[in-house]
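Across the two complexes that follow, subunit A remains constant while its partner is subunit B and subsequently subunit C.
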Partner chain A sequence: MEREALRRLCLLNQLSLTDTQKDDVISFFAERDADTATLDAIDTEHVERMVHVMPILTVVREDGACQPFSREDLQAGAPETDEGYWCVPRVLE
Partner chain B sequence: MKYETVIGLEVHVELATESKIFCSCSAHSFGAEPNSHVCPACCGMPGMLPVVNRRVVDFGMKAGMMLNCDINRVTTFDKKSYYYPDLPGAYQTTQWFAPVAVNGRVDIETSAGKKSVRIKQIHMEEDAGKLVHDISEGTTHVDFNRTSVPLIEIVSQPDLSSAEEVEAYLVRLRTLLRYAKVAECEMAHGTMRCDVNLSVRPAGSDVLGVRTEMKNMNSIEAIKRAIEFETARHIDALENGTEVLVQETRRWDDAKGKSYAMRNKETAGDYRYFPDPNVMPVVIDDAWYEAIQNSVPEFPEVKREKYIALGLTEYDAERISESIMLCECFEEASEACGNPKEVVNWITSDVMRILNAKKMTYEMLNLDNQALGKLISLTGDGKISRANSKKILSAMFDDRSIDPEAYAEANDMLIGEQNDDMILDVVKKVIEADPKSVNDFKNGKEKALMALFGKCMKELKGNCDPQQLKVILLECING
Partner chain C sequence: MTISRLTIHELHELLVKKEISAVELTREHLDRIQKLDGDVKAYITVTDQLALEQAKAVDAKISAGESIGTLAGIPMAVKDNLCTKGINTTCASKMLDGFQPQYSATVVHKLQAENAILLGKANMDEFAMGSTTENSAFFATKNPWNADCVPGGSSGGSAAAVAADLAVYSLGSDTGGSIRQPASFCGIVGLKPTYGAVSRFGLIAFASSLDQIGPLAKDVTDTALILNAITGYDKQDSTSAKYDYPDYTKALTGDVKGLRIGLPKEYLGEGIDPEVEAQVRAAAAKLEELGAVVEECSLPYTRYAMPAYYLIAPAEASSNLGRYDGVRYGLRVQAKDVVDMFCDTRKQGFGAEVKRRIMLGTYALSSGYYDAYYLKALKVRNLIKQDYDQAFAKYDCLIAPTAPTTALHKGQNQDPLALYKGDICTIPSNLAGIPALSLPYGLDKNQMPIGVQLLGKAFAEPTLLQVAYALEQNTTLTRLKPNQGKGL
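On to the complex of A and B.
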């Protein structure tokens, strides 16, 4: 993680970080890079590749529509709603 | 200097499923109250687990097969970072590392000749919701009804080089996906949307120019205009230095005929794709693969040739093979009545006339095709008059359970063994009431006979063999 990449991610995610926080993030990712290098050094040539950490595949359901939840229940914990909409701080590209 | 335009398309197509991709909420919410088709899963509430809709995988595979793709037998879902509240998890569940279909091809034909457009991949993903900015100041209103509606994104290689080729590609894509019955593909309804990636380079160069992207285009005509504008803008920048081209996303304003910069183009790194641990990999076994393979229909050109061999004109064969619904109507009705030429006449006249009157597309055709074949037989055998058969066909559009023979009988439209005396009585009555038409006919006005014929037919409520009536009418007039 370099400072420029972090700056861009902060911009996209609307995050405001202090210089100290940025240093912490960069340092955190540097440590993860080191961990990755350690893992990369392990010989896995003869280890069978996994597609997922859990031995569960193809969890699918049949196509069929139902509506067991009411809008009122779903919006009960919302900070702000209006005419059935959730309301968030104004977003415009 | 001569330039060439290089275009790649990303086409989003909404799949025709009943429910959303990862939850059981209805995928059809057009015109519905906001947030009336939502649940904790598509609202991004913590702890909810997505479960893949099997039909989405069916349709993804089928689309891949229609586009000559290789199907990934292990296909996985990934998270893509997303920065707007219409996807409340702050990511989109999509496919990056193992999309359902790869390495395909779509063949097109334009005035420049035939061309194959390579398909890089087809991936399955969820749609975003809808943001409304103009209800109140300082607030954006969010509707999640469309969130998680299933999409496939069809990514082409940059093999297109003109607006004409793009149009041919989109029309072909639409035809093939409609043939497969995986999607409505109606750009006006937003069920097919297109991102256009375009760059310009000196003709013959193998180095790509600076690429701009125009997103969410939803009309072929607008896309063509946008391509022409962007091509001219790029060439102007390269030739005259009017501006510095940068890789960016642009918005096309069709009313003004101009594109405007929206934002710098995100790169794959910005999206920070990573495998979605909550959606298990989908393994497509042989039985599943073969079931979908067996459901892939014949291509339009194969049907067209088959129809020509049946005796249809090239024009009629082309018209029928334009839509899978017309093909099915033609094939099933022909099988029921054994008269393909008569069926095509009915489809290209009466059926299309009713579709037009009802403002229905071919894809909305929902007739019982075998019943149509029966109606054509009954009419051909003289058991129902042509006028009444049109009324019955109209009723069959509104109620697909109608049996034409039972309907004709119930509504006194069935022509039985006609009693000549009964027809004679009606003819005499009509002639007596309209001596002027009789005289006109005798003086050489052919139309006068038709007027008398029409009046007789009206009296008989159409339940009469037209030939039988004409003979009796002429006998009476000529004494």
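On to the complex of A and C.
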């Protein structure tokens, strides 16, 4: 794990790390790589990936009417709202 | 005997005979929480007012001559990653400090329908990532057997509450052993059901293909009673299994004659504490004495479970935890623009272990590494499941340690990778989606509980309960209580 790759990962995750945390993650990845490498010993060329651990026939719910949540309820725990909208800081410069 | 020490089935009898009331029972537990939880720290939130209201309603039913279910009036706790409408649900994270869901988890509804009494929300490792409950953003929970030891995790609060008689039973969640390992460390019974047997609706997701909710209880009968209440198909969980769920108490026969039990060699030997291994072998010998046929067997892909799990689980976690952005609910850290707000919120809201796993998961899923890491891990997961399929073609049940050691000392292991290795006995069953039960079986030389794990094929919970009950009825090693004076 190089610093540049770590910077890219942080960006993907919208995470900012302190320098100590960055060092921690880099050394963690180095040790972790050794464990992950043990998987290379297995020939999986003709093995199917597991899609689901149990046979699932459908993941589509029944098409039935139900009581939706109210906007007020859903926004009750929101950090900031305005007339039914969630507010965020400016997006454009 | 102190009523707080009794089991669900013992207390149910007292309630029905009107020898105690639900309010008395609830007050007894609330008093104990008041007195002891300052030390144990099993609870993040105590719902005392609600508990007393629920208890009064049960007493009113009993007074009116209405029949009550077995869980009615029995005080319990749920892990703080299960949504409870209008009650703080924090996942032990600063990110969700003060968050009150708009709905309750299906399991919470099911227990409410049984008139169970909710005492509060139990402490855990943040977002269920950890195996010591030291990763809680609020405080660490102590092991009631020895205050210098951890209770295990991530459902450490749920386990400690039951072991210290601060709840009669509790619910936890198990992604890689988070019910069974704390049950083992705290000397109680813990069961991870078959994937899909218990609805995950309202469980705050860590790794959705692995997470399962299950009971932590004082004995095997209680475990069966709780399972009766919480299993079942739920259309709100798209992975819920349509299955003819049995009455689990019917499995409590005490008879194991003719059952075929496998002892997988990969779960014994190197890395397993000799005292733990000795107890697993002793439990196997006891089952043989009771008429079961025990044979050593092999699950050759077991050693690959941990590296596969620590790619799959973080990959799913990195996706699931993407929702915490400071916009709709939970923590927001104010910043000059929206990207800084996302970054600062996630920086301050998540603890070190959560960040580590998010990074690892995103790395495994990222372009250029996906095939080598995530895809490879999914293929290995299939091989691990095939291992079990082959074993269960021959055996009704497998017996193994729950954890390689008894409870660790607080702060004993600061190396995350070493801690991950402590999950080696529990992770494979999550990858295969099969049920597994941890049963206390004696103490080590330091008077700390040892857990023996029973594993079965999908939906074989009755077999696990049958075997566990036979051990419970035929030894004195399974009903353990901490020495409150020495511990807490």
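The definition used in the following text is that the second predicted complex is superposed on the first by the 64 of 93 C-alpha atoms of A that agree within 3 Å, B and C clash if a C-alpha of one lies under 4 Å from a C-alpha of the other, contacts with A are read in each partner's own complex, and residues count from 1 in each chain.
Note that in this section contacts are C-beta pairs under 8 Å (C-beta built on N, C-alpha and C of every residue); 3 or more make two chains touch, one makes a residue touch a chain.
Since the structure is predicted, the reported quantities are computational estimates derived from the model, not experimental observations.
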item: Partner chain(s) touched by A:Arg61 [first = subunit B, second = subunit C, both, neither]; value: both
item: Partner chain in contact with A:Glu83 - subunit B first, subunit C second, else both or neither; value: first
item: Subunit C versus subunit B, contacts on subunit A by residue; value: C
item: Contacts of A:Asp35 with subunit B and subunit C, given as first, second, both or neither; value: second
item: Partner chain(s) touched by A:Val25 [first = subunit B, second = subunit C, both, neither]; value: second
item: Contacts of A:Phe69 with subunit B and subunit C, given as first, second, both or neither; value: both
item: Partner chain in contact with A:Asn13 - subunit B first, subunit C second, else both or neither; value: both
item: Subunit C-contacting residues of subunit A that also contact subunit B; value: 9, 12-14, 51-54, 56, 59-62, 69, 74-75, 80, 86, 88-91, 93
item: Of all residues in subunit B, those that touch subunit A in their complex; value: 17-19, 24-28, 33-40, 43, 45, 51-57, 74, 76, 81, 83-85, 131-133, 135-144, 262-263, 266, 269-270, 275, 277, 279-283
item: Residues of subunit A that touch subunit B when the two form their complex; value: 5, 8-9, 12-14, 51-54, 56-69, 71, 74-75, 80, 82-93
item: In the complex with subunit C, residue positions of subunit A that touch it; value: 1, 6, 9-10, 12-17, 21, 24-25, 28-29, 31-32, 35-36, 38-40, 42, 44, 47-54, 56, 59-62, 69, 73-80, 86, 88-91, 93
item: Of subunit C, residues touching subunit A in the complex; value: 99-100, 102-103, 194-196, 209, 235-236, 238-239, 241, 301, 303-304, 306-308, 310-311, 318, 322, 325-332, 334-344, 346-347, 350, 352, 355-356, 358-360, 362-363, 366, 373, 375-383, 385, 416-417, 431-433, 458
